[in-house]
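Per-chain numbering from 1; labels A, B, C and D assigned in written order.
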Amino acid sequence: MPIDGTSEQTTGRLRLGMVGGGRDAFIGGVHRIASRIDGHWDLVAGAFSSTPEKSQASGADLGLDPKRVYDDFSAMAKREARMKGGIDAVAIVTPNHMHYPVAREFLKRGIHVICDKPLTSTLPEARKMAKAAETSDALFVLTHNYTGYPMIRQAREMIAAGDLGEIRVVQVEYAQDWLTEDVESTGQKQAGWRTDPERSGAGGSTGDIGTHAFNLASFVTGLTLESLAADLQSFVAGRRVDDNGHVMLRFEGGARGMLWCSQVAPGNENGLRLRVYGTKGGLEWAQEDPNYLWHTPFGEPKRLLTRNGAGSGPAAARMSRIPPGHPEGYLEGFANIYSEAARAIRAKKAGEPIPEDIHFPDILDGVTGVAFVDACVRSSARNASWVTLNI
Amino acid sequence: MPIDGTSEQTTGRLRLGMVGGGRDAFIGGVHRIASRIDGHWDLVAGAFSSTPEKSQASGADLGLDPKRVYDDFSAMAKREARMKGGIDAVAIVTPNHMHYPVAREFLKRGIHVICDKPLTSTLPEARKMAKAAETSDALFVLTHNYTGYPMIRQAREMIAAGDLGEIRVVQVEYAQDWLTEDVESTGQKQAGWRTDPERSGAGGSTGDIGTHAFNLASFVTGLTLESLAADLQSFVAGRRVDDNGHVMLRFEGGARGMLWCSQVAPGNENGLRLRVYGTKGGLEWAQEDPNYLWHTPFGEPKRLLTRNGAGSGPAAARMSRIPPGHPEGYLEGFANIYSEAARAIRAKKAGEPIPEDIHFPDILDGVTGVAFVDACVRSSARNASWVTLNI
Amino acid sequence: MPIDGTSEQTTGRLRLGMVGGGRDAFIGGVHRIASRIDGHWDLVAGAFSSTPEKSQASGADLGLDPKRVYDDFSAMAKREARMKGGIDAVAIVTPNHMHYPVAREFLKRGIHVICDKPLTSTLPEARKMAKAAETSDALFVLTHNYTGYPMIRQAREMIAAGDLGEIRVVQVEYAQDWLTEDVESTGQKQAGWRTDPERSGAGGSTGDIGTHAFNLASFVTGLTLESLAADLQSFVAGRRVDDNGHVMLRFEGGARGMLWCSQVAPGNENGLRLRVYGTKGGLEWAQEDPNYLWHTPFGEPKRLLTRNGAGSGPAAARMSRIPPGHPEGYLEGFANIYSEAARAIRAKKAGEPIPEDIHFPDILDGVTGVAFVDACVRSSARNASWVTLNI
Amino acid sequence: MPIDGTSEQTTGRLRLGMVGGGRDAFIGGVHRIASRIDGHWDLVAGAFSSTPEKSQASGADLGLDPKRVYDDFSAMAKREARMKGGIDAVAIVTPNHMHYPVAREFLKRGIHVICDKPLTSTLPEARKMAKAAETSDALFVLTHNYTGYPMIRQAREMIAAGDLGEIRVVQVEYAQDWLTEDVESTGQKQAGWRTDPERSGAGGSTGDIGTHAFNLASFVTGLTLESLAADLQSFVAGRRVDDNGHVMLRFEGGARGMLWCSQVAPGNENGLRLRVYGTKGGLEWAQEDPNYLWHTPFGEPKRLLTRNGAGSGPAAARMSRIPPGHPEGYLEGFANIYSEAARAIRAKKAGEPIPEDIHFPDILDGVTGVAFVDACVRSSARNASWVTLNI
């Protein structure tokens, strides 16, 4: 049951531009693949680097028309907004501190924005970004890509339907090991900016991956955080941001939780794992094996749901392309965000309301995420006292 | 470390046509996604159905120029071969019995062929197909897509390097459950042609999935089959082809093995699993969790290799797009076949030899696969006596 | 819910003797622990070795009264049968070729026999053993210990209740790696006798572990084997018995199966695994994780049953001691055979019929197991032609 | 390689008495099986209930001499201490609030004590217990049974050897689901006393299972807790003790951790799980699959160590009875505590020092455990502020 019937080819594709994502970058390439999978998008323009030669070289790698490869994102915004056949949307895949200045230029010209997370590197900038998004007619899409996994949609659907009863406990974690040693001092580019508070923000592991974990827990459960208490560490000598964080969570309505994020846990590659327990049952999901969802109704045998398999419902099916037992992965989950964005943009272009079944993380998710990181840093500075999010 | 630097965009993509794969089809949609992932291909033409209206409707779904949507594959072959900007390659995704007549038309006009497996529904046709491929200058690529999984490349690389010593035992299986009941009588289209010997061939589960299992074992181990003994069953009353098969394998050089294929094993979705044991160690891999490969060197702790993680080598990296812990799946493995084909075709277009590190299943794999099914059916008819492949 | 309420202490325990199981032996120690777990037995006598000093030293290790430590099993049988407070039962844990001569001495004197598997090293001896058992009033218990695992009882109960519908396919395997190299030439005692056809029988891996796999499949499914075709190998140069075997199975009533046994599969410790598929569902179980049983009803989500957890029934509970989530293992499964034997013997002593819910493998299982090995060897010698069991 | 060579039989066994553990009790039966497995102990006396008839009935179930079945633990202590052949040790398996009054009677008469955890229901009583233990010549053994699992010993050995480098992060959890609903109001006896602060102590899940998790983390890592911050909940309306707890941990030397305990997490049976990460690698272990230990050396493939398999060392071997691949479980781990106690008592009886390789949880572990629960309750009452243990 592939769903690519909506995937138009030479005609009708949306036009995508990209800021950031040149040679040596990581996430830009992921965005490009994600944009291609369902055939909704064509990449046609970009400002891939602040170094003109690098930007041109990257554009050439990608087969772009050199005239649409820019040295400067604001020149790009101006020209693409004016030109016939200019881009419909821009993907922003720069380091975090550039998200706001870039987005502002496109939003104010009505170009839709698809922005990597976290929203910004500081909370004041996040608020400015929110204002810019509110005052623009363009859509703002944040790539909290894990919300695009089919079985995450399945989990959310089940909780919304009351299958777990009242939620009591949320356990969420995202563990990696790539910063176990002081790799930022060796010139590794990814480590360089991600551990630099100027470019990444005050949170290290909290901003890079903790915010994913928090977003995922919120998305699946539908719960709103009331307060948190965080104990953050920088285990590697000289590191300027946290590389491990322990957070206790209190949700409105009485549910409680814990969040662990770490980039110094050897053997963990991308160990994002969510467990939710309510009065009637539990759910467990792990990003590294994303086609499975454990459902544990209280007092009954454990059930292993598989994507599109028996017991898997319409929310998962809508995000799936192939039959159960043929695994879909990270790129397909990411592609789902791009495809949801495309559907919303097409509706807007057609002057129709955005269909209710479309979901993508938005500006509010973005502000909440930055506020989460900010709250973690504040709490930890006060010896892990309870703080609320400043949204 | 995405590898999409080679993925050209508006310029330079190869042009793909498709025969079969209209509405209600399954594998055509998979081929289309696979062709898009790495940005090497644009689908520009197709004969999606033998019913003209269906073909046009499918072409419209896909946004194709109506002039390049054909009612008839041979008209398509003729016109595309003549026209400027005609297709570089055709994807053949029809039921098995149509593979040969379709491929012949394109091969004889020098259009590269990417054909779904099994090669043909009969062995005589497979031999004709081989002749057609030999006498054509075009490439013939068979989508035994499981050979595109990165950790399958890793396994093959390790065995070729001698990490397992001399191979002794091969255990391979492919189990499904979707034909547990007589679904072909209910009008289910996929079940209809796949259980019809006229359209599918004399083998049922052996042809549909057993041939994948056999191809995978051969690809990974590099072993050549000497003979087999097969006991095939049609458990569902009235079914005209096998739905379960037990096969014992003898390889040249002394290795032995077993193959199990089944479409009546409840709880199995796409349970393709390979285990290989040699004098120095073992390897285990399962399609449903494809980013993992167990390596069990004799007398040492078991090791779990992850795609692109520690211990994973260049053969896997070449087939990968993203870091370890972010799962790639079935579609990416399938895309690897399309990307290998694209690289080979580009080399041919440039008048260069095909680089040695490129691998895709070819016409010989196809003939061997059909001969395997033929041998299973012959052996089973003789009470599971040993037979050799008629290649 | 521990079930040791029946476990009497200083009074009332049954008296156990042992033949074999001295220093350096393996399985004797397992039998002793198994006999102690539920408190039904006290070991009070033994002929632990044919070397008098070794037998005495082993008896002293175990704290036995030296007068009840014998040099010679037939002296032991005679004296224990005559003496007041003599043993109720004897555990025979010698190499296979000694099972019959030892058992005969005890059976003819009315002493119950608990014998390790396989029953004997040859089929003629197995028949003699059957005659000896039939003509004795004593019980004959064969320690096919895997039938004592609670979730194996659960599986059997479910199949008997029709939960799987009509059985179609049985996949069973037992893989090890300890004979990957020629360890018998290094003086390793266990490898020495187990690869010696004089002491072990004509089957190597088939007799040592294949017979366990076959027994388990038969026990769980209740199916009777009609015929088999076996391809056996001795991969290690100079080895005199098979170390790997591939067997196709045909059961009465139409079910088919495959059995793989191997002692040369690196990474496999005691990989006994059973999968059964019927018209209504499937079951999967693995000895190395014995507290779990997968149940896959066709068209419903997969269920993971845990020992004594939700969905686990009375047959498993009867064999369990502790709550779900606290694993029971190999020794408890083995102990269940000893406890079933004790309950049966107590009933006999009380002049009562043996309760119907008691199950232990018996002489018929033993003869069938030896006939299975014999059939494998015969079939393999005839190029894997189909043979029936000579029971 | 069974290690029951030290297991004496009719002669030489140590004599065990039991207080608590009558009909309907759970843990008493576990202690009895554990005491039998290695053949070191004979249960010969008991005060199984404070109701005389129940005590006698339980003693009769167990086949004890009625003269050694007592109505009253202090009568038992007096008489057994005086009589020839009186008990060597007493197992205390009562609800928590009785541990101290019972233990005092036996300790002051020089009878060794094997006491279930937690040590006592209050911290003042724990201190009195410590004094009683110090002033007695008898041994005090606390059954933190999880420390008896072989792969836990393996983990501890590896960390002590520096295999993980400097420890940074400890993640430990113990999740159950049996108190998801208000089962204490239904008359379930186990739930009744375990949720009654008078009998169980101020901690509910913290005292019942959190203390196990904390003990295990401390035992394996060798770290000393500096302070903790706990957020405890009683999710079930009317419950008088916590049924879920989130705890952040700070260890001396800089390591940090989190502990989660819950009895309201559906689908969790006995989910005790420990993960430890250091500068050089990580370890992961789960109680429900106790024969496995993941070792993840930084930058190398993950390794799965199996009990007694390749890479498993002497500390695990010392606690094992059977070869790898044959699972040992909860009862064997528990038996290891009994066997260590027996070895220590034999040494004392022989006037020899207790061998250094013997380890069992002792009075200090007990006081620390009660102080841990006390600290959790204090911290939670102060809105999860940091507190230290009052040891």
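To be clear about the criterion, a residue touches a chain if its C-beta (ideal position, glycine included) is under 8 Å from a C-beta of that chain, and two chains touch if they have at least 3 such contacts.
All values reported here derive from a predicted model rather than from experimental measurement.
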Query: Farthest from chain D in C-alpha centre terms, which chain would that be?
result: B
Query: More C-beta pairs touching across which pair, A-D or A-C?
result: A-D
- request: Could you please state the distance in Å, as a whole number, between where the Cα atoms of chain A are centred and where those of chain D are centred?
  value: 44
- line: Between chain C and chain D, the Cα-mean centres are separated in Å by 34
- request: Let me have the rounded angstrom distance from the C-alpha centre of chain A over to the C-alpha centre of chain C, please.
  value: 55
Field: Junction residues of chain D, two or more chains touched
entry: 268, 299, 302, 306, 309
- prompt: Touching chain B in the complex: which residues of chain C?
  reply: 168-169, 171, 173, 177, 180-181, 229, 231, 233, 235, 244, 246, 248, 250, 254, 256-258, 260, 262, 264-268, 275, 277-282, 284, 294, 296-299, 302, 383-386
- request: Mind listing the chain D positions that touch chain C in their complex?
  value: 1-13, 23, 26, 28-30, 32-33, 36-39, 42-44, 61-65, 176, 268-271, 287-291, 306, 309, 321-332
Field: chain B contact footprint on chain D (complex, rising order)
entry: 295, 299-306, 309-311
